[in-house]
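Just below sit the structures, each encoded as structure tokens.
You will see two complexes here that share subunit A, one where it goes with subunit B and one where it goes with subunit C.
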Partner chain A sequence: MKLRRTMLFMPGNNPGMIQNASILGADSVILDLEDAVSIDEKDAARMLVRNALSTLDFSGCEVVVRINSIQSDFGYDDLNVIARVKPDAILVPKATSDDIEEIDEILSIIEREEGFKLGSIKLFPLVETAIGLENIRETILASKRNIGVLLGAEDLTADMGIKRTREGNEIFYARNRVASICKAYKIDAIDTPFADVNDVEGLIEDTKRAKAIGMTGKAAINPRQIDYIHDVFSPSMEEIIYAKRVLKAKEEALKEGKGVFSLDGKMVDAPIIQRAENILLKAKLAGIIRE
Partner chain B sequence: MENILGRVLPEYIEGYGEVKPFSGAFNNLGIKTKKQVSVKCVAPSEVKLVDSIKEALIKCEIKDGMTVSFHHHLRNGDYVLNMVMDEIAKMGIKDIKVAASSIFPVHAPLVEHIKNGVVTGIYANYMSGPVAEAVSRGLLKYPAIMHTHGGRARAIESGDLKIDIAFIAAPTCDEYGNINGVYGPSACGSLGYAIPDAMYAGRVVAITDNLVAYPACPIEISQEYVDFIVKVDSIGDPKGIVSGTTKITKDPVGLKIAKMATEVIEASGLLKDGFSFQTGAGGISLAVAKYVRDVMKKNGIKGSFAAGGITGYIVDMFEEGLFEALFDVQCFDLKAVESYRRNVAHQGMSASLYGNPHNKGAVVNRLDVMILGATEIDVNFNVNVTTGSDGVIMGGSGGHSDTAAGSKLAIVVTKLLKGRLPIVVDKVTTVTTPGETVDVIVTERGIAVNPRRQDLIEKLKETNLPIMTIEELKKLAENMVGTPEKIEFDDKVVAVVEYRDGTVIDVVKKVKE
Partner chain C sequence: MKIINPAKAGSLESNDIFIMVFPNDNGNEIELESIVIKQFGKRIKEVIEETLKELKVENAKVIAKDRGALDYTIKARVETAIRRAM
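What follows is the complex of A and B.
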């Protein structure tokens, strides 16, 4: 299990920021070659990200690179250069199943050429159009490299011709669809970033809404958003204490030879035990508990 | 000879005298004697108000070779030092020693006075800008003497630094010499650094742009110390004196360091009722206050006091009831000035009360936690805040060494790399603060604890913080940027760095051209 409570976007053309990418506390960083980089800096950013990946120590922090669409003039070059320095994953903008299939094939060739383990470079399709949202199942099934889907609400609402709001009712369906399909295929569902970096309250509410319907993490566009998102997606102390009690009760029940047992007057069954185990694993990965 | 830190020092320095080598932070205490002060008595009919700085200089019998002093409460907005020195130069006086508690870029005209022999010596606790560069280039006839804030007070009280005439920039003053810093167009709040000068100088001249009716209350420096008063149009530029507000950094790396430093404070066990705290006004240091504030609020902790240069942020914490009192040697912003004027428990303190090691106990001795900066720190935890990466003077101790020595937990917060240079090095260019008084260094990539603090190492093992040795921290930095080339120096000593007790902790040599 890999925690992806936060995926922090960073411009791929800013050496000062990339140098510190791994220490800002995000579970993943996304070095962006697409929207954050202007047309005349595409080559320079690609080189910078390549050099950063081959020289810097990103220990403990998953590194994802958002390439330009392979339908654009830059996508193939991005893929060919970046894959050779082995990022953990590639984030594919406006992903379709055809794009994902093609990228999968290219990655397999590069992995063979570079002597990397086949399939080791993972993929994140970015869902940011109505057609992308409706075809999401096919996109996920197009490659075994897919480990999560990122919902991009700004582009999606632009595509739909609807207004993006602080409350986010307009993406209620999109969030539910992404969360549900990702759960079905056991991959991560990463929520769209919250755009107003100074609205802490708005960020927390937005993150809670995403979590409530099953999104497993959230993209961030500023390091200051990380802690607030982590607070929402990390198990609370109450949850941890309860999970520990569930597992203790389970142990005792096993000793006594009981198949079914109760805690605080409520029956504990397999899903509750599973949930407790998940919470403790998450808490451990998040560094909240030591074992 | 070498001092206890292995720094090579001459036994005698021309223009300074015999060198007493630093022998440990607490090795020079015991019984000390304060100097006697001569007082020219003022009879009931005498008038203290004079027409000009020149008249004051004449009445104070200024002559070649004298030492004149200034305080730095007007910081980079100060007009007084330049006005007085220009007048002294016009009078044809030479060989003056300037004892300014700090020197800023605004004091650039001093460079001309140095070049033409009007000024031959400088005492300062901190200097930056053209004067510091001129000193580093060897333009000053005698080496500059760098004190700490507490060390300067000690030197004045003991007579090591003999001030002939003290010029006190006075934001508000009456015609009989009662001074305060809380009113007037150049209000700067506390006048803590000027107090030893007023008490021990041969003559004291107040220079004000806000002459008010007698008595000018509240009185911070009283008439009993002041010989003459001069009214001028302006003593300073308010924009350079205090900033409107002091803001917390938004730099995510700085915030991360501040957050980790706060976790170190929590783990130390000191953050409980009665907690006392000091931090600077700069980026990461002030951000530590933000996180400490959060923890204090969350856990309902009621602190004892915060000290030092006071910012609006610390005033907010005080007004929220997180501290019972503030000890203020200098106000950093308008909010602090306003609070100092209004709140009885926002207590002014002199430089001596703040950090003098040779009195009956300075406020720094009562500090639990001190947050410090560093230009360089070596593997023995010695800190340089005096010279920059090019070997040129760009600062000085200020209260750095005093608070490090006094506090129970002295934490250096810094980025591991600055401008592609590693901050942790084998040997610092200049030792400002000895490693024996520095407990922890917190950087964005790791935290190192002084091996003298095994108790703290044990406590921090219980946390998830990235604890490592300082050698590991150094290696981490060097892996990213390599090892910088050594700076080349001449043999000429351009500055003597005195520890707070008056011993010499290091010297600064002239940078090779």
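What follows is the complex of A and C.
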């Protein structure tokens, strides 16, 4: 299990930001060759990100590169150059099942040529159109490389012709659909970034809403957003203490030969035990507890 | 690679380097301006020379204005400028 509470977008043509990527505390960074880079700087950003990946130590921070769409003039070059320096994953904009299948095949060829383990470069489809949202299941099934889906609400609402609001009611269905399907296929569901970097209260509320319906992490567009998002997605001390008590009670019940037991007067069954185990695993991965 | 046109890459932002390349009749020539020229001027020139060599460029005048770029950035900006100049 890899913790992806935050995936921080960073412009792919900014060396000062790229070389600081790993010290900002995000679980993953997304080096962006798409929207953050102007058309006439695509070649420069591609070479900078390639060199960064082959030179810099990202210290265990997962590195994802958002390439340009393979339907554009830049996507194939991005893929061919970036895959050869082995990013952890490629983020695929406006992904369709056809795009994912094709990228999967290209990655397999590059992995063979470069001597990388087959399937080691993972994929993240970006869902940011109505058709992308409705076909998300096919997109996920198009490749075993898929490890998560990122919801891009700005483009999605633009595609739908609806207004993006602070409360986000307009993306309630999209969030639910992404969260539910990702859970079904056991991959991560990453929520859309919160655009107003100065609105901390709005960010926290937005992150809580996403978590409440099953999103597993959230994209960030500014390093200042990381800690707030982590606070929401990390288990609280209260949750950790309760989870430990559940597992202790389970051990005692097993010794006494009980299948079902109660804690604080409430019955504890398999889903509660599973949740307790998940909380402790997340807390361990987040460095909150040691064991 | 043969330099045919003048071209540029990079920026004058912190941690970056601005590279301009021109065709040159007298082999490779490098003109460097850097905020860290005393400490790293020699190294920056070496990195530019190495990159030109790797790209098999033998006729470039390179004007570099450095703002504290690391090697990976210098190499990327030189390569970008050279490819744009072909």
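Quick note on the criterion: the second predicted complex is superposed on the first by the 291 of 291 C-alpha atoms of A that agree within 3 Å, B and C clash if a C-alpha of one lies under 4 Å from a C-alpha of the other, contacts with A are read in each partner's own complex, and residues count from 1 in each chain.
Please note the rule applied: a contact is a pair of C-beta atoms (placed from the backbone, for glycine too) under 8 Å apart; a residue touches a chain by one contact, two chains touch by 3 or more.
What you see is a predicted model, and the numbers here were worked out from it, not measured in a lab.
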item: First, second, both or neither for A:Pro223, with subunit B first and subunit C second; value: first
item: Partner chain(s) touched by A:Ser38 [first = subunit B, second = subunit C, both, neither]; value: neither
item: Which of subunit B and subunit C A:Asn169 touches, first, second, both or neither; value: neither
item: Which superposed partner A:Ile23 touches (first subunit B, second subunit C, both, neither); value: first
item: First (subunit B), second (subunit C), both or neither touched by A:Gly287; value: first
item: Which of subunit B and subunit C A:Pro15 touches, first, second, both or neither; value: second
item: Set intersection of subunit A contacts, subunit C complex versus subunit B complex; value: 19, 56
item: Subunit B to subunit A touching residues, read off their complex; value: 250, 252-253, 255-256, 444-445, 464, 479-480
item: Complex contacts: residues of subunit A adjacent to subunit C; value: 14-16, 19, 43-44, 47-48, 50-52, 54-56
item: Residue ranges of subunit A touching subunit B (in the complex, touch as defined); value: 19-20, 23-25, 56-57, 222-224, 287, 290
item: In the complex with subunit A, residue positions of subunit C that touch it; value: 9-10, 13-16, 69-73, 75-77, 79-80, 83-84
